[in-house]
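Letters A, B, C, D and E mark the chains in the order given here, with residues in each chain numbered from 1 onward.
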């Protein structure tokens, strides 16, 4: 097992840990805003670390760029959801109150 | 690889659980969200099975467009109480009967799947043998565009027919007008921002998926779906309006792909001696297939986008 | 010349031409779509006759599409049964196309209208789908063709935009989708077991086993839902009654026959052994129930179109008597071919007669503005030709000589008695009597001497269209030899010698 | 060795996000359900990437790319779907 | 690979069962459409099992894979039409369920 493999494993393991943490937050935190807070941090970091870990194994520069593009797109989606869902949650909260 | 079975052990129950949730939960919104998650899990399953072409189609269509269609319809039909809820949960007898039926059918199919012969009879060999003559590297594209091109031709027409069916539901005064309702978005808001940012990226990804389709997983249907999705996003961000259905340019875009496919098919009668055939001369088949795929990508993108946009409801200005 | 004709790509054109017309109609727009459609429809009978000539001269027509032979590619195959169905389809569609001008051709000076545009590409697609079904020799391709058929047929049901038609169309769509997904599941299992879905190859390779039996059961169930066999008939009467008359004519005459046709292919060509499991008797029993229930319900309707739609449900029942009558023991049976031919002739004569009846119903709606049977007194004097056509078509439904329906039922009856299964004769005779009952009940007010007040006049040439169809349905009984000979071409061994 | 480990991590990531299905089911608000779906989406993308590496199928990265693109699309559709008539924008002041 | 493909085929069988249950039990039209899609994807998984059982690289037999892609597109077409019909029904009548079965021998349509 080469040093790159060890790097891959370490990064992937860290990424998996963040996913686990995100789920725990989603399931255990008391209200929608704290859940949102936990979630957006966790899953983006998780995916980022996994992408980072897989970079040495990518097929060429183009393959590596694609991996990074995947992460950026996911980041974008998460940011949008965070923003819009927060608004929505506030409105739903208002309506519920 | 034994660890893959670990993945199967997670993935298969998750798929079944998502399916049960989609069917069983009271909350309709939760049901549709479960369904979208279910589509995502299926896409992973197709990757797991090594069928990347199918995974792409499932990711784009199953998880993407179908979910969006259902979400949009749910929003318009209202999540408030209605006669479906008023009727209360389905009766016990019905549920038991339906469960018994479902279980019996599933057991029958499972028995049949388990009884399939070993080694499995298949056409991989025949496809691999005939593929080089077409100049293609992706066997699935070879099957879709050449060996079973007739299926694909009919399928493209099916897609268009669904759109005609949806158009046929328009109120007469709105005929010729714009499909769906007008979307709103705050001009400097996140929606509008995303609507400006994503379409260029999506177009690049769509063209890439189309282009690689000849030699590795990808192709017209997956690419067309991606292009349709980013266009729908632009509509939802209130950046563009869908075209009026009386527009000639739109109608030409809708029929271009299947019409081109038919034309190449007729040309095959003369050039290859068979309807939907490609000339045997070296190097002719691949450009023709790419041409047909390009036309199909355009038409599929236009058709899918308008399928989601819906019935014409607003008279054109 | 004759050689050139015999070698032409008629089978391919029968599928491709309607689709090309459909694609062209959309950019052409609502002012011209009907002209294009009628032009394309007019080519139908010609192409079908050319294919018949090809079959007559060279035997079963097989086409490997794209030059790729099965199992890699998809084959089209035309035997006598296909050609007879294609001919019937071409004739019925020409007639309905002509009749539909009344409702769907643009008025002078009017711009493009919704129905005025969309009806025509939908009709052309429906025709292309029917041809694809009758020519298809690949079970997966037949699935795609069936979906094409469904997606063309459903919008036609509600193209006039009536709310009850929308509900009927949705119910129809859900039934049809369930049917095709079950069919597809069967196809998946068959591919898994045999590595091909080509009907000819499958017939040669078929190994009985759990996968094959399950596939047969699933495909049969799916096709029965699409054919609206009792008790899966619930969608049919509202859909066929709510559709505009020209569409009802095609739906009742042809669309339900398409799934039945695939059922015939499945049972007689692919897996004749299915019958050995009592399946044939079950289908016959369901057919019997359909004949009785459909006829009784037709007798109770107050609306003309609903009554005709319930009669379709009943008449479809006869088709399923083919299965027990053409089957039975283990050795060749002389009556099998008779039963098979009788069933197919029944499908054809019913198609012609039922299309005529629905087109008459359309004229009635046009003249009276409603189709309440009791309020149609004196209609016979207002539109004698149409009422005569309805009567002629009724003869065929009752199975009275000299109609095509008579020959068909006579062949089935003979087979029932010859095979010693006399009990199948009972529903046939009862169904004939009941058909007489509902046809007379429908005709009675029209023939009575009521005061025919306020009918809008209907030109003779519109009335001539259903008359032509009804006359053809009768002529089938006067000259049954030609279709009989045609049907013999390329008939499967199971159809000659019996299932099982 | 390496492929096995990567596949194992794929299973682990999938398992942890699949638990989010409970939040889809339980809610209580639409926002909760959407967030859970979002987590499943991101985790699904990670799973696909790990699988692509484990099975040595670089083409499967394209699936992750499409999923990531459509994640944003689905997010917008979710938010739209939660607004009346499905056409609004939660950022508009109602 | 072979046994994994079979496992997913069995999952497909279960999905068909779950979908049939939903189709029978749920009254809301959109829920019925959703259930139909579950059945459809179950069938596709059976095709996937058929394709994968052959072993080999790239998901095994490409023919069933192509059939699944065709099937996915056809299912989407049908879903879109069904959704449009459901919306039209809702606009016309305010109903989100199909009207009860037509009474046998209804006296007046």
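Methods note: contacts are C-beta pairs under 8 Å (C-beta built on N, C-alpha and C of every residue); 3 or more make two chains touch, one makes a residue touch a chain.
Going by UniProt, the chains are A = Monovalent cation/H(+) antiporter subunit G; C = NADH-quinone oxidoreductase subunit J; E = NADH-quinone oxidoreductase subunit K.
Not measured: the values here are computed from a predicted model.
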item: Mutual neighbours - chains that touch subunit B and subunit C alike; value: E
item: Among all chain pairs, the one with the most C-beta contacts; value: B-E
item: Whole-Å separation of chain centres (CA-atom averages), subunit C against subunit D; value: 47
item: Cα-centroid distance, subunit B relative to subunit D, in whole angstrom; value: 19
item: Centroid spacing, where centroids are CA-atom means, of subunit A and subunit B in whole angstrom; value: 27
item: Whole-Å gap separating subunit A and subunit E, where each centre is the average of the chain's CA atoms; value: 32
item: For subunit B, residues contacting two or more additional chains; value: 4, 32, 48, 50, 52, 74, 76, 109, 113, 116, 120, 122-123, 127, 147-148, 151, 155, 158, 161-162, 165, 169, 190-191, 194, 198, 201
item: Multi-partner residues of subunit A (each touching 2 or more other chains); value: 73, 76, 80, 84
item: Overlap residues in subunit C, where contacts from two or more other chains coincide; value: 140, 144, 147, 151, 154-155, 158, 166, 185, 189, 192
item: Pairs of chains satisfying the touch condition; value: A-B, A-D, B-C, B-D, B-E, C-E
item: Subunit C - residues contacting subunit E, complex; value: 140, 143-144, 147, 150-151, 154-155, 158, 163-164, 166-167, 169-171, 173-174, 177-178, 181, 184-185, 188-189, 191-192, 234, 237-238, 241, 296-297, 300-303, 305-306
item: Touch list for subunit E against partner subunit B, complex; value: 1-2, 4-22, 24-28, 30-31, 33-35, 37-38, 41, 44-46, 48-63, 65-70, 72-81, 83-88, 90, 94-97
item: Residues of subunit A defined as touching subunit B within the complex; value: 73, 76, 80, 83-84
item: Subunit B-touching residues of subunit D, taken from the complex the two chains share; value: 3-8, 10-11, 14-15, 18, 21, 24-25, 27, 30, 33-34, 36-37, 40-41, 44, 47-48, 51-52, 54-55, 57, 59-60, 62-63, 65-67, 69-70, 72-74, 76-89, 91-92
item: Footprint of subunit B on subunit C - complex, ascending; value: 9, 12, 16, 19-20, 22-24, 26-27, 29, 63-68, 71-74, 112-115, 118, 121-122, 125, 128, 132, 140-141, 144-145, 147-148, 151-152, 154-155, 158-159, 161, 166, 185, 189, 192-196, 207, 209-211, 213-215, 217-218
